[in-house]
C-alpha cells in the first residue's frame, strides 16, 4: 500500500534512482479516453533535468514507454503499465556513501528501517521517482482538459524572494522562464538569485502555488477523504516538501470570522462566493470556485560544500560536496505539483460518481 | 472508505451532530492492552464544550460507551465498537437553515453533492465528529505511553497573537489555562484577546503545535505513506484546518541548504542530529528526534453578527447570528490534534512490524 | 481491514456474541434512497433464532436501531451507523469453557492468535455477527429492488438429502417452510430429517443455493475483483462455510468444452446465451444471464453429545453437550447468503460507474 | 484496486496477452530476503506453454526481468518491479474476432463493460496474466521455504477421471509427469485421456488440490479476511475456475457434527487435532494442521471445432476452431495455484505480526 496513490484511480510505482528502470501501473483509468502520447512525453520533459542553467546538468533521457492499457490510441479500462529506462546511472559515484549518512537525506532512516539500502543515487528515496508521477498526472490531465479544468502551478517564492500576493500573475509566462514564475519581473530576479546560490555551492528552498480553474463541483469525500486532505497528502509525498496550505492557509489563522467568511452570491446561473478564502473547498468538498494551495519545499540537501557527518558506526566523517544537483528544486517541482493535483482530482471525480444513483 | 482513517489500525466513524448518537469502530487494535476507561473518558472531557468562559457554553455530556473488543479490562484484538449518545440535540434551532447556506460552512457543498442534507447542527460536517477521534486517539495513547512516547499539543497562535519561537515552553502549563498554551504569560494574553473577540460577536483563528518526544524510530512507509504525509492527511481532516507544516515548514522555504541540513552526530549510544529542521522525519521515516508540526485553523464560521447569504434558489437572505459557538476553536482542538497524532503513530508502528522478518 | 467488507460500499462491524451490543457502519451508501426500516427489520427477523422447531430455541430480540445516515426517511450519503442490543446474554453458560477448547470451534485458534479471548458465546467468532450483515444486505436490497434485481437463496441440501437439479423450484415456497427449500416435497423430507438429527443430539451440514435474476450487466472488476471472486470471498466469510461454486461449479470440471460452452444468441433486443454454465459471469463480469452459485455449510460444531477435548495445558477433558443450538444451520443461513449477495452486487454496481466517463 | 491482490504484501499487475510486455509490482515484500532469481525463473518455466504433448504448443519465452527492489542479491523492502516481454505475439491471428464474441470467453462482457477491447489473444482476460502471479508467488515461496512451509499442488481430476481420496499420494511424482498428478498410475491414465480429448478437437476440465504442510499457526484475520476466504478469493481469480472448497468442502455438507468435529489432542509439545476436516483452518485462523483445498476448473473455452455465435450486431456467425490452445488447463494451473497460495500465506503472515505487541 505504501507505494500506491489514489482510491478508484490508483498509481503504484517502483524503481530506484540508478536501477535498470522505474515505472508504474495506473489502475482504474476510465475506458475510451484518447491517449495523446506526445502530450504525456512533453509533460515528462518539463520535469527532466538539464533544461536550463539553474537546474542540475545531469542528462537523463526520461523517455516513457506505455506497455499496456491502450488499444488503437484509446484507453481500454485495463491497467496502464509504463516504464522509464534509466540511461545515465553511475552507481560508482555513490560507492563512497556505502557507510556514510548524508545530512538531511534518507540514508540514515532507510538503513535503520530496512537494514539494507540501495546506495546509488538515493535509491528509492530519490526524487527521480517523481518522473513516474508526472506520467500518471499527464494521463489524468487528458481527461480533465476535456472537462474544461485548468491546472496551473508556478513558483511564488525562492529563498527570501517572495512574490507579493497583489503582483500580476500571467500563467502564460510560466513556461517562458526557467524558474517557472508567473510574474516576469520576479522570474528574472529569482533566476539571478539562484545563480548566486549555485555559485556559492549552496542550495535554497522555495514555494510552489497551484491554482485549479473551473474545477468540478462536489469533489471530496467527507470526513477522512476531504479533497484538501487528499491534495495535502499527495503534496506532502513530494521529496523535500515541508508544508501545505490551501485557501487562506496559515494566514487565515490570524483572521477574524467576519472577514474570513466567504459570502454566497448568485453568479450567472450558479451560486458562488464573493471572496474565496475557502480555496474552493468547503467541508472538504469543492464548491466550484478556484481551488488554490501552496506547497513549501526545503533547500536541496546535497550541497557543494564540505559537511560533517557520521558513518554507520557513529564515527565522524567529512563529506565532500560533489555530483550534479539542483541548487533549487522548485522550478522542476512545478510539473510534479500539477501532475499530482490532476491525479487526485480525477480520482475524486470518479469517486463522486457513486454518490447518488 | 471516506469515513475511515488508518491502514492496519483503522477508525471508521458515523454520526450527525444532532442525531441519536455518534460512534465508531477501531479495528486492528492489538490484543492484550490494558484498557483504562477512565483515561479515555478524561481525554474526551478535555475536548468537550462548556469547560471555560472562552469556549462554547453548549452542555454536551459526551460520555463514551465501549461496546466490544475488551474482556476483563484488556483488549482482545477484535474490533472496538463505541458510541457517544447525543444528549443536547435541539434540531429546531436549525429549522431556519433548511433552505439557506451559511457562509463558509458545508451547507452548500453537501446540498450540491448529496442532494439532501441533515440540517441539524451541521449534520455530518459538524466538528462534533471529532469526539469519536479523541476516543480512538485515547486508545492509541494507552499503547504509546507504554512505549515511552510523549505527545504534547498546545496553542501557539490566536489571531494575531503568536508565540515567539524562543519563548519558554512548559507542557505542564497546557492544562492549567483555558487557552491551552504552554507559555503562561501568553496564555493570559490570548485569553483576554478571545474574550474581546467574543464580546464583538466575532471569531478568530489560531495555530496548534504538536511535539512528539521520544518517538519510535523507523515509522513511515515510503513513498506514498510518508509519516508526515499521513500526519498531514489526518490534521487536514480536522474541521477548520487550512494548513499543515512540519519541521522547518514554510519558513524552511526561505533557508539555505548549508543552514537547513541537520548534521548527524553521536548521542549517547545512538546516532542523532545536531539541529532538527527535519522535524524528526527524513525521507518520510522517523529518525528518533522529536517530531513536531503546526496546524493552522481558520476562524469559526458561525459568528454572532448578521451576514448576507443566499437561499437554495439563489435569493439574497440575511442570516441572524445566534446559537452557542466557540469564539476560537484552537483550545478545544488541542486534544483532537494529539488524538490523531497518537492514532497515526500507532498505525505506523504496527505497519513497521512487517518491514523485516 | 479485517472487519470490513466491500470496496466503495463498505460494511465495518463490531460485536461479541454476548457483549452489550453488536453493530456496524455502512459507508458509501448512495444518497437519496428511501429507507424502509420495516423491511430491514423484517429481513433481520428471517435470520433470528427461535422461528421454528428445527432451529435453536434461543430467544434473541434482534432489534436493529439506525443511528445515523438518514434524514426524513431517506439516506443522506453519510455513514449509516446501527446497533443491535444483546438481550439474552448468559455469560455464565460459558464459564466452564475458559480453559477448554471446543472441537471445531474457534476457541483454540483465537487463544493462540490473540492470547486472550472473550469466552462467552464464542465471542467474535459467533455466527451472531451475521445479524449485522443481514442489516447491511437489507439496505442494499432496497436499491437493487428498484433496479429490478431479484435475489433468491434457498436450501438445496441437508445432510444426505440433496435436491435433484431437475426438481421443481418455486421461490414463493421458500418462506412457507421452516427449512427454506424452494421445493415443497423436499422441504417436508428435510424437516423430518433435521428433527431426527436433533433428537440424536447431533447436527448436520447442508447447501444453500442463490439465484440472482435480472442482474445488472457489466459488474465485476478484472482481474482480482472478478464478480464471482468477490461473491466467493463474501460467502466464505460466513461461519461454517466450507465451499463455494458458481455456474457449472465442481461438476464443470468433468465436462468437455464442446458441451460446456454457452453459445451466444440474440434474445429480444439483447445478446444472451443459450445455456448458462457460466453462471451469468464471464471473464469475471456479469453478462446479464442469471447469476447462480452454491455455498456448502459444515455441520454445526456444538452437539448435544459428550466429546473429548483438551484444556489449554493439553490435558484431556470431556465436554458435556449443552446449550441451545441449531441442529442444522442452513435454514437460517438463507437470509445471510442473500444479504451478502445484495451487498456485493451493490458495491460492484457502484464500482462500475467509474468504468467509462 | 481491481488489479491488486493482497493487503500488506500486494501484487499489482498489468499487461495484455499480446501487448509489448506484462509485469507487476510487488509491494510490502520484507527487506533482507535472499533473492534466488534462478528459482523464480524455474517456477515461471513450470507454467509456460509447450512443455509437453498435452499442453498448448505455443512457444513463449517467459523470461522475467526484475527491475527494482533488490540490492546485492537481497530484497531492500522497496517495491519489486518486474516485466515479462511478449515474444510471440501474433495479433493478426485475432483480427477475425474484432466483431465476434467467442462462446464462454470474456469477449462479450469486456465489450459491454468497457466499450472497447484489445482483441489480440483475449487481451487482459487472457490466462497469460497468471505468469505475473507465478513470479510473485515465487518471491513469497523464498520466505516460506525459510519458515519450513511446504506447498504442494497437484491434479486430482481430469474430466471424469477422479483420483480416489484413498489413493497413494507422492508429491515427488508431480513434476515427473506432464499432468502433474501426485499418483503415478492415475497420471498415466489422465495423460492418455487428455490426448484423446485433444484428438477430438475438444477440451476438458479438472481439479487441482493444494496441500500446505507445516503452515504457520495464527494466520487469518476475522471476520472478513478469514484465511480460507482470502485463499478462495485468490483461487477464484484464476481464469476458468468455477469452485473452491477447503477441508471437508462440499462433502462436509452431508456429514454429521459428531463425525465432522476434529477432536483436539496433544501432539508432541503442541495441541493438534485427531482428524482434519477443518482443513487446518478454524474460525478463519490456521491451527497448525495441514491446510488443504480444491479448485475446480472448467474446460478451456477455445475448442478445435466449429461453433455457432453472434457478432456485435447479434447476427449469427460460425467460428472456426483454430489457434494453439490447451486441451486441459489443469497441468499448467498447478504452479499458479501454488503461487497464489504462497502469496496469500506470506501476506497473512505479515498481517499477523501486528496482532499482539
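In order of appearance the chains are A, B, C and D, and numbering begins at 1 in each one.
As a convention for this text, a contact is a pair of C-beta atoms (placed from the backbone, for glycine too) under 8 Å apart; a residue touches a chain by one contact, two chains touch by 3 or more.
Just so we're clear, the structure is a prediction, and the values are computed from it rather than from any experiment.
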Label-sorted list of chains bordering both chain C and chain D is A, B
Of the other chains, whose C-alpha centre is the longest way from the centre of chain C? A
What whole-Å value do you get for the distance between chain B and chain D if each is reduced to the mean of its CA atoms? 46
Chain centres from averaged Cα atoms put chain B and chain C apart, in whole Å, by 39
Counting only Cα atoms for the centres, state how far chain A is from chain C in Å. 46
Residues of chain D that touch two or more other chains: which are they? 1-4, 7-8, 13, 28, 31-32, 77-78, 113-115, 124, 222, 351, 355-356
As the complex stands, chain C meets chain B at residues 1-4, 7-8, 10, 12-16, 19-25, 27-28, 31-32, 65, 67-69, 71, 74-81, 83, 113-119, 123-124
Which residues of chain A touch chain B in the complex? 1-5, 7, 13, 101, 103-106, 108-110, 112-115, 124-125, 129, 157, 159-160, 162, 197, 202-207, 217-218, 220-226, 228-230, 232-234, 236-237, 242-250, 252-258, 260-266, 271, 273, 277-279, 282-287, 294, 296-303, 305, 307-310, 314-315, 351-352, 355-356
Would you pull the chain D residues touching chain B in the complex into a rising list? 8-9, 28, 30-33, 77-78, 143, 222, 350-351, 353-357
